[in-house]
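Shared chain: chain A. Partners: chain B in the first complex, chain C in the second.
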Partner chain A sequence: MRLLRHEWLDLARKLDWSYSYVQERSVFPEAISGRPWLEQAAWEDWDEPYRTSFGEYVSAQHEKEASIVAVREAVGRVGDFARHDRAWLSALKLHGATLPLAEFAAVIGNLRAARFGRDGAWRTMAALGALDELRHTQIPLAVLHDLVAWDAQFDFTHRLFHTDGWVAIAARHFADELLLGSNPVEFAVATNFVFETGFTNLQFVGLSAVAHAVGDRMFEKMVQSIQTDEARHAQIGGPVLRKLCEHDHAYAQFLVDKWFWRSFHFFAVVTGFAMDYLTPLPHRKQSFREFMDEWVLGQFERTLREYGLARPYYWDEFLASLDYYHHQAYASAYTYRATMWFDFTLPGPEERAWLAEKYPQSWPEFAPVWERISARWQAAGPDVEWFTHGVTPIGFCSLCQFPLCAGTPRRNAARVVEHEGRRLIFCSEPCRHFFEQEPERYAAHETVVERILAGKAPANLIALVRDYFGLSEDLWGKDAVHGRYDWLAGGAAPGSAE
Partner chain B sequence: MKDVLMPLYGFVRGDTLGVLVLVRASDSVGTLIDTLEQATAVRVAPRPQARLFAGERELDRASTVAAAGLSALERVDLVPEGG
Partner chain C sequence: MSARVGPDVARVGPVLEASESGHAVAAAILASNPGATLEDRGAYLRVSVADRCVVVRRDIEERLGRAFVLPRDLELVMPAFHGFLRLRDDAAEWRSEAP
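Moving on to the complex of A and B:
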């Protein structure tokens, strides 16, 4: 007699049994499976809403792969990409560098959960999640592959994670802990619940809308396809967090607080840059701040309440940073663009008017910075990149490894702390706080500044960029039009440069 | 005391990030101010009569970096006259 789907599904999907020859604690050691350690009976009610069988998974993924191939054949050629604005190509280089290998690290995190997750349904979904993340590694590599021979920066895009550029160091520091160093419980809360449910699942919705407006159907299709996978395997996070809240509420709150802060920094740079600076103005639908308000904040706060969790203790600081952090980071990055592998645009008068409208509270503090940079372009003339570029090394946070860009132009939030005879600097109070909660995780890591002072990296900026970050002159970031802005030639930017 | 090179984290009001500057212990605070202004000039125009602080403590321009009590990797803040 042939069984109906609902009769056989859980035999395959949610299979657990009592152990006769070994202890359950040996099968699922706390050091690998995570804490709190609970007997299997405590996990029996664990479930997720998708309840996908392997056959259904393969069938659905096959259709998605075929769809991507079709779109790539139609609009994914070099000539299709070459038509895009240079700033949008920079957004692709930023995403193309940070996405594939982070996704590959997520394969490993999922596979650990597929073995050491505490319930059969959790392990099944994690196994499908691992397959998802393999797709998310391979799709952007495939989609952007033909561009490697067309633009050397796209070649470096694929190499970034293997270099010691500061972006690669910061990305690895984040991804290694999030995806490689976390046990299945922390991985479920940090990756599935906070990063995917809280940020990237919604980010991909917003990004695909931006890509649609820009006319980049290939990128739009790619992130849509990835998002549908994320929406499914992110469902692991909720039920694990619920169990954690029942048994160790304080630990649940700590993990949410830590990973929301760490995820936000990464997200603000990647998505904040793309939405407020690298998307051509006529195609911008909403600002990064508006996107966060509409898509992230409300649902995240509502979800926390459902789990009986409080908003992270730094919530007010976080809300304030939505108006500042990515603007601080972009202005800083523009003036250190040779340390990155993609080009930057100088916001013109129309873009600044848009930013002033979207950020009425903070933009008056950033306008003078852009006026200053514009004035120096006017003084030097086109092609003189270094007159609008910093030449002094900059500081990096001892936790997040990003430049010291937290706070406001009026008051930078960085703080120096003594730790076991070593002087560390943190970009913000939460970065200090989370370092001090788990110093054994972070203390051995050296910032770029510590590497310079130890003689492991050169102090001279050009030598640092060339020899340590691996960026030759043809690769490193420049102004997208080398300062040849019509509005700049017309003297539209007030300010002075000596 | 050896005239060591001293790395300091510098923050200039109006700027968007913190920079790392190297000064000698024998350099004056005025030289440190000049170094900070040059390091950030791409984003912030130098302003006359800027004042340098280490925490809440204002540093005397004429003093040396060593005499001002600064030590490696300390934070200093450059603030224009009048805040």
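Moving on to the complex of A and C:
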């Protein structure tokens, strides 16, 4: 007799049993399974909406793979990428280096939940999530690293996380805690709920619309396909968060607050750069801030309210930083571009007019920065990269490990704290706050500057970039056109049109 | 929770790949949910309805002229959604209130 789907489904995906010769606490130790530790009966009503069996998963994934292979055959080879603007290629290099290997770390986070998650349906979805994340590692590595024979900077698709560059240090600090160092409860709230339902939509769906406008069908289809997996396994997050809210409301709020702030800094750099600077102007539809509105803000607030949680305590500071943080980070990165593995564009009068329209509050404070950089390019002429480049190492945040880029050009938001005889500096109040909540988790980590002071990394910037960050001169970031902008050659003071 | 009204009401629904199946799901929703809106962003379609969005499998199949299996075929074309999702063999639903 053939069983109907609903008759066998839960046996295949939500199977739990009572233990007779071993304690439940030994099967799911709190140190690995996470807190609050609850009896199995408390998890019985746990469920997620996709309710997929392994067979159904394989069938769906097979179709997704076939579709990606077809797109790659048609429009995913060197010749297709060679048609793109160099700035857009930089957006791909940034994506390719920071995300695929982080997704590989997410395999491990998911596998931990596939064993130590507290409900059978949770464990099943986490097992599928681990397989998803393998795919999210392999597809972009195959598509983007394959371009290395044509453009050596694509080597960082594989290499970034294996170097000690400042972006690698910051990305590892974030991804290691998020994906490797968290138990299944924290992983569900941090990765599945905050990161995957909030922020990855920005980079994998929002940016797919940008790729569509640019004409990069390969990237468009690749990231959308990846996000169809994320939309499914991210559904672990809500039901875990709901259970956490019932039993330890303060801890639930803490995890949401911490991971929203940490994720924001990561995506402000990765997605903020791509949307507001590296996308060629004619193809821009919305600003990073507008994409944040569309994908994160209202939806995240409403969802928190549904679970009885408050907005993170730093919400006003966060909203203000949407107008500033990634702009400060980009200006800082442009003037230290040789410390990264992709090329940067100098926003010209038209780009600045667009940014002024999109960021009426903050742009008047950034326009003079770019006017000065433009004036220096004009004075030096093309190809003189180091005339518009910093030469001494800059300060990094003791929590997020990004440059001290919070606040505004007029208001420094950095916080200095004495911690067990060490002087720590944080880019912002929330970074200080989250460090002080769990200092044992972070205190042993050294920022780039601390490594230099300890003699572990060279202080000379060229030696630091070459010997410590792993960037030779042919790889390190330059101005995308080496200062040869038509608008710069004219001689009029750039940016004065505004 | 009771029905919600007013400017703060959540708009819920799927974000769909701009493919044949994605367009069929969007069209089925637009036809059966009063007040449903569609934003075409080139790479994706955002369909949204105030408070509650429902799509019946049969309506999608009629538009496509072939079988549309839930949850599998919806997953293939849905990279994201707003609201809380409920899936049955014969329908999909997005609601503003948590289950």
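Following the convention adopted for this analysis, the second predicted complex is superposed on the first by the 489 of 498 C-alpha atoms of A that agree within 3 Å, B and C clash if a C-alpha of one lies under 4 Å from a C-alpha of the other, contacts with A are read in each partner's own complex, and residues count from 1 in each chain.
Convention: a residue touches a chain if its C-beta (ideal position, glycine included) is under 8 Å from a C-beta of that chain, and two chains touch if they have at least 3 such contacts.
The model shown is predicted, which means the values in this text are computed figures rather than measured ones.
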item	value
First, second, both or neither for A:Arg410, with chain B first and chain C second	first
Partner chain(s) touched by A:Ala331 [first = chain B, second = chain C, both, neither]	first
Partner chain(s) touched by A:Arg115 [first = chain B, second = chain C, both, neither]	neither
Which of chain B and chain C A:His433 touches, first, second, both or neither	neither
First, second, both or neither for A:Lys64, with chain B first and chain C second	second
Chain B versus chain C as contact partner of A:Glu306, first or second or both or neither	second
Touching both chain C and chain B, counted on chain A across the two superposed complexes	none
Residues of chain A touching chain C in the complex	5-6, 49-52, 56, 59-60, 63-64, 201, 204-205, 208-209, 211-213, 220, 224-225, 227-228, 230-232, 235, 238, 242, 285, 295, 298-299, 302-303, 306-307
Chain C residues touching chain A - in the complex, by the definition given at the top	10, 15, 17, 41-44, 71-72, 75-82, 84-87, 89, 96-99
Complex interface listing, chain A residues touching chain B	327-329, 331-332, 335, 365-366, 368-369, 372-373, 376, 387-395, 403-405, 409-412, 414-416, 423, 425, 449, 452-453, 459, 495-498
In the complex with chain A, residue positions of chain B that touch it	7, 9, 11, 13-22, 38-40, 42-46, 72-75
